[in-house]
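What follows is a pair of complexes built around chain A, which joins chain B in one and chain C in the other.
Moving on to the complex of A and B:
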C-alpha cells in the first residue's frame, strides 16, 4: 500500500473527477506526482470576477491531510485576500497555531476534515466576498472598501486577460 | 548548454597548458615540473579537475537516480551551499595541512555527502509516488550498499591513520563519515519500512510509529557523535565552528523527534484509556468512512467523547499535532480533566454544618472567602473574620485546597482581590498542579496548550468577582439604611435580619424587591439604585449567601465596621452612594416618614418570607 497522504489525495482526485463541483476543475499536474495539483476556478456569477477562469496551483505537504496545502494563483490577481504573488490567504489554509494576521479563530482553520473541494469552494466564495479585514493585498483591500468602481474595473481587466481577450 | 560551453572551454585551456609545457620542455617529467611550478597552469588544471568531478557526479547521478525531480534538485543546491561554506571554515582550522590532497579529500567528502542527501530524498519520495518500479529498488539498494561500504572504508582509514600518526585532519573525516554512515542506516531502515508497506495489501498502521522511533534513535546517535566530536576538537585544536550549524540542526531534529515520540505516546495512551473502540453497530450507523483518510473503517477505530469516529492510526497522527476532535474541535484533553476536577468542590459545602452553604447544593462562590483567609486586605475578609468570631466551628478554613497552588501569573495587578481558585465557578480549565517542578515537559506543554482556556476562565472569574462586588455595594447600601434604622429601632432590625437569615431558601427576586422597596420612596437615590438593581439580580445566588451570612452573625456595630472597611477597599463608582444614603436621610424633612415606610416594607417582606 502506498502512503496515507497519497491514498487520500487519490481518493479526493477520484471524488472530484466523479462529482465535480460547479465551476471547479482540479487534478494533479502529472499523474506521477500527486502532491502538486492544478485547479481552474471560474469567477462566481454576479460578482466582478464573473466569467473569468483563474488557474491556480496547489502544493500538498508530505503529511497531508494533517497539514494544509498551499494554494497560489498562477495568473495575475487583484483581490484583498490574495498576495501579489498569487498566494491565497484564507483561514482554512492555515494550520491551527500559526496565525499570520492575528485574528482568526481556530474554529475556521485547517483540519483533516477539510478537503481540496472545500478549499476551492471557499476560494470561490472568497472571490465573491472579499474579507477586507485581513488584507493580504492592502491596496486591493483599500480599493475594495473605498473605490469599488475602480476595483471592478481592474477585476474586469484581469478576467479578460485570463480569457485571452484583449483589454 | 552553458555547462557544455564551460567544459569545452576548460578542456581547451587544459590542452593549451599541456601543449605549451610539452612544447617548451619536450619531455614528460620536466613538463610536469614546469606545470606544477607555474601558478596559472595549476589554476587551469584545478578548474579542469573540478569540472571532471562535476561530470563524474552527473554520470553517477544518471545511473542511480535518473532524472532528478525539481524539489530534489533545489534541496541539493541549498544543502551544497551550506556544505561548501562549512568546508571553507574547516580549511581555516587545518590551514597548516593545506595541500592539494587535502582539498581533494574534502571534495570527495562533499561529493559523497550530496549522494547521501539525494538518496534520502529519493527514499522519502517512495511514500508519495504511486508507481515504484523494480529499477527504483535496484538503484536504491545498490546505492545504499555502495555508500555504506565507502563510508565504512573511510572511517577505517581515518581510524588507522589517527592511531598511527596521531590526531590530524583525518579526525574530521572519520567523524564526517561516521555521520554519513548513520544517515545510510537511517535511509536503509526507512527503505525497508516503506517496502514492507508497499508490498502489503492493507495499510500498515504502525509504520508511522516505527519511523518515529527510528528518527529518535538515529537522532540520539548523531547528537552523541557531534558532542564527542566537538569535545575532541576543542581539546586538540580549537572550537570547530564549521560543525556548529549541522550540530544545531541535529539537536533540533532530535528534540523534535523526542517531542513527537512523547506526543505520540500520549495520544496512544489517551486513546487506549479514554476512548472506547467503536462498535460495529456504531460504524454501521455512521457512514463508515474515516474523515481523515477517506477510507472505510473496518479495522480498529475509536469513538471520541463527541461521538465522532475515526481510525485509530489516523487519530493518533492527528493527536500528535493537536488535541482536538478533527470534526468539531472539541478539546479532548479538557473534557476528562473537567470531569476529574469538578466533583472536588461539591462535597465541601456538605461537610460544613452552615445552613447557608447547605442551601446551595451547587458550587458555592462564598467558600472562596473561607479559603483565602491569609491573603491581603479585602472587603470580604472582614465579613469572613466576623463569621469566624461569631461561629468559629461553622465555616472552618479548608487548608487542603488552599490558594498556594495558584501560579503567581494569575495575580492581576491593581485588583484588590487575591487570585481566585478557579474551580468553584464553572467547568474549570486543567488545574495547575501543586508543584510545578514535578511536572514533566509534556505536562507543562499541555498546560501551555490550554493557555487560552485558562485566560478565558480567569476573565470569567474576574467578571464574577465584579458582580459580587457590585452586589456587596448594593447590600452595603441596604445595611446602611438598616443601620440608620437600627439606631431608632434596634430590636426590630435585629429581628428582621435574623428572620431573613433563618430563611434557608431565599431567592433572587427577594433581593431585588428588597432594594427597590427600601429605596423607592427616596427619589434622590432611585436612579442610582436602579442600575445597581440590575447587577444585584444578575448576581443570582452569589449575593444571597452574603446577605444571609452577614445578617445572621453580625450585630449592627460590626456591620458598620465592615461598611467602613468596604468603603476604604472597594473602589467602585457606586461607593459614593454610601455617603449619600445616610446624608439624604438626615437632611430631608419628610425623613422620618420615609424611615417608617422603609421599616414597614422591611417587616412586610420578612413576614412574607416566613
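Moving on to the complex of A and C:
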C-alpha cells in the first residue's frame, strides 16, 4: 500500500512543480521521505493576511490517498479554523462522516480524487474567509466576529513575524 | 477505550486549555473509530470463502422469521460469500462477483477488458484530473489482466479471490468502481438528479456519497454502477418484515442479472444460484 501512496505523491509533486498554483510552493522536506512535506503559502491579497508567507507541514498516511493527510502551520497563527498548535481544521481534510466540527453537509470533503493542490487552495480560501461556525480556535472565532479591528492587528503582527520584520 | 467527557472544570479553565481539550477529544473519538474498524478488519476477510447457504441458519437459531427466510433462500441459492462490513461492501461484492462471473465466459471477459481500458479517458473528459484516477485505473486493469492471463478458470478465480483479499489491490478496485459510478452519475445527471433528495447537485452527491471510501451504497449507487459496467444485479432483501419469502429486486428493472447479492439492513453479501 505504501508503494501506491509513494507513486501518487511523486505524481502530485511533479504536477505541483510543473504547474504551481499562484502563491503556493509545496514539496517533500527531504526527497528520501515523500510522506512529509513542507508548504509555503502566501497570504491572499486584499485580506488581513496579505503579504505574509506562512510555512506549514503536511503528514501523509501510508494509505494516502484513501485517507487524507494532516496539515499544521509551523509559524504562529491566529485564525478561527486553526488550532492554537497550528493544526488546520477544514472539511477537505476529513472524510465524510468524520465530523469533529459538525461541518455543513455541502462542505467539500476528502476523497481519493482530491489532491494536495486542492487542500492548499482550500487553505488559501480559508485564510481569506474564515468559517466562524466551526471554530477550532474559539478566541479567534469570537474576535473575528466581534472585534475585527483587533483581529486585523493581530494578523498584521503575525504577517510581519513571518517576514522577519520586527513587530 | 476510554472516552473523556469534559467536566465543568475543563469548561471553566482558560480558552487555551479548551482548544487543547477539544483537540484531544476529537483525537480520542477518531482513535476509537479506527480501533473499531481495526477489530472488524481482523475478524472478517474482505471477501470470504464460499459457504453453504444453510449455514446462515446458525446466525438466527432463536429467530423463527429469519429461519424461515433462510430456508426459502436455500430453494434458489446454494452458497454465499460474505464481505467485510466496512461501508465498501456493495462495491467490493459487486466488483468481485461480476469479474468472477465473467471468467466463465472468455468473450464477455475480453469485451469487458476492452470497455474498461477506454474508461479512463471518459473520466478525464468529465473533469477528473488524470493523476488522481490513474493509479486506480492501472490497478483495476492490472487485476483484470492477471486473472485473464490464467487459462484455467478455477485457477483464475482463486487468483481473483486472493487479489481481492490483498488490501492494497482490493481497496483500489473499490475506488475505481466508485469513480466509474460517479462518472456514470455525472454523465447522465439530468436523469439521476430526480433521485437525489433535497437541493444537492449530482456533482456534490458524487463528491460526498460516492467517491469517498467507506460511504455506504443506496439504490442510486447500484443503478449507476450497473449502468457503468453494462450489467444488472438481483438484490435479495432479507429483513424482519412479515411474509415467509425474501423480496427480490432486479436493478435495472427487467434486466437479466449477472450478479446476485443478499441485502440485510446495512450490508451486502454475494449469493450463488443453484
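The criterion applied here is as follows: the second predicted complex is superposed on the first by the 161 of 167 C-alpha atoms of A that agree within 3 Å, B and C clash if a C-alpha of one lies under 4 Å from a C-alpha of the other, contacts with A are read in each partner's own complex, and residues count from 1 in each chain.
Here is the rule we go by: contacts are C-beta pairs under 8 Å (C-beta built on N, C-alpha and C of every residue); 3 or more make two chains touch, one makes a residue touch a chain.
Keep in mind that what you see is a predicted model, and the values were worked out from it rather than measured.
In the three-chain model built by superposing on chain A, chain B clashes with chain C. By the document's definition of touching, of the two partners only chain B reaches A:35; chain C does not. In the superposed model, A:85 lies in contact with chain C only, and not with chain B.
Once chain A of one complex is fitted onto chain A of the other, the partner contacts of A:110 are limited to chain C, with no touch recorded for chain B.
By the touch criterion defined above, A:48 lies against neither chain B nor chain C after alignment on the C-alpha atoms of chain A.
Shared-chain residue A:62: touches chain B; no touch with chain C. Legend: residue contacts after superposition of the two complexes on their common chain; A:127 is shown touching neither chain B nor chain C. In the superposed model, A:137 lies in contact with chain C only, and not with chain B. Contacts of A:12 after superposition: both chain B and chain C are touched.
Overlaying the two complexes on chain A leaves one chain C stretch of 2-10, 146-154 or 236-244 clashing with chain B, which is 236-244.
1, 3-4, 7-8, 11-12, 15, 63, 65-66, 95-97, 106, 111-113 are the residues of chain A that lie in the contact sets of both chain B and chain C, per the superposition on chain A. Of all the residues in chain B, the ones that touch chain A in their complex are 69, 124, 127-131, 197-198, 200-204, 291-295, 314, 317-318, 321-322, 324, 326-327, 329. Those residues of chain C lying in contact with chain A across their complex are 15-16, 18-20, 22-23, 26, 29-30, 33, 128-129, 131-136, 139, 167-168, 171-172, 175, 179, 200, 204, 207-209, 211-215. In the complex of the two chains, the chain A residues touching chain C come out as 1, 3-4, 7-8, 11-12, 15, 63, 65-67, 83-85, 87, 95-98, 100, 105-106, 108-115, 136-139.
Put simply, chain A touches chain B in their complex at residues 1-8, 10-12, 15, 31-35, 62-63, 65-66, 95-97, 106-107, 111-113.
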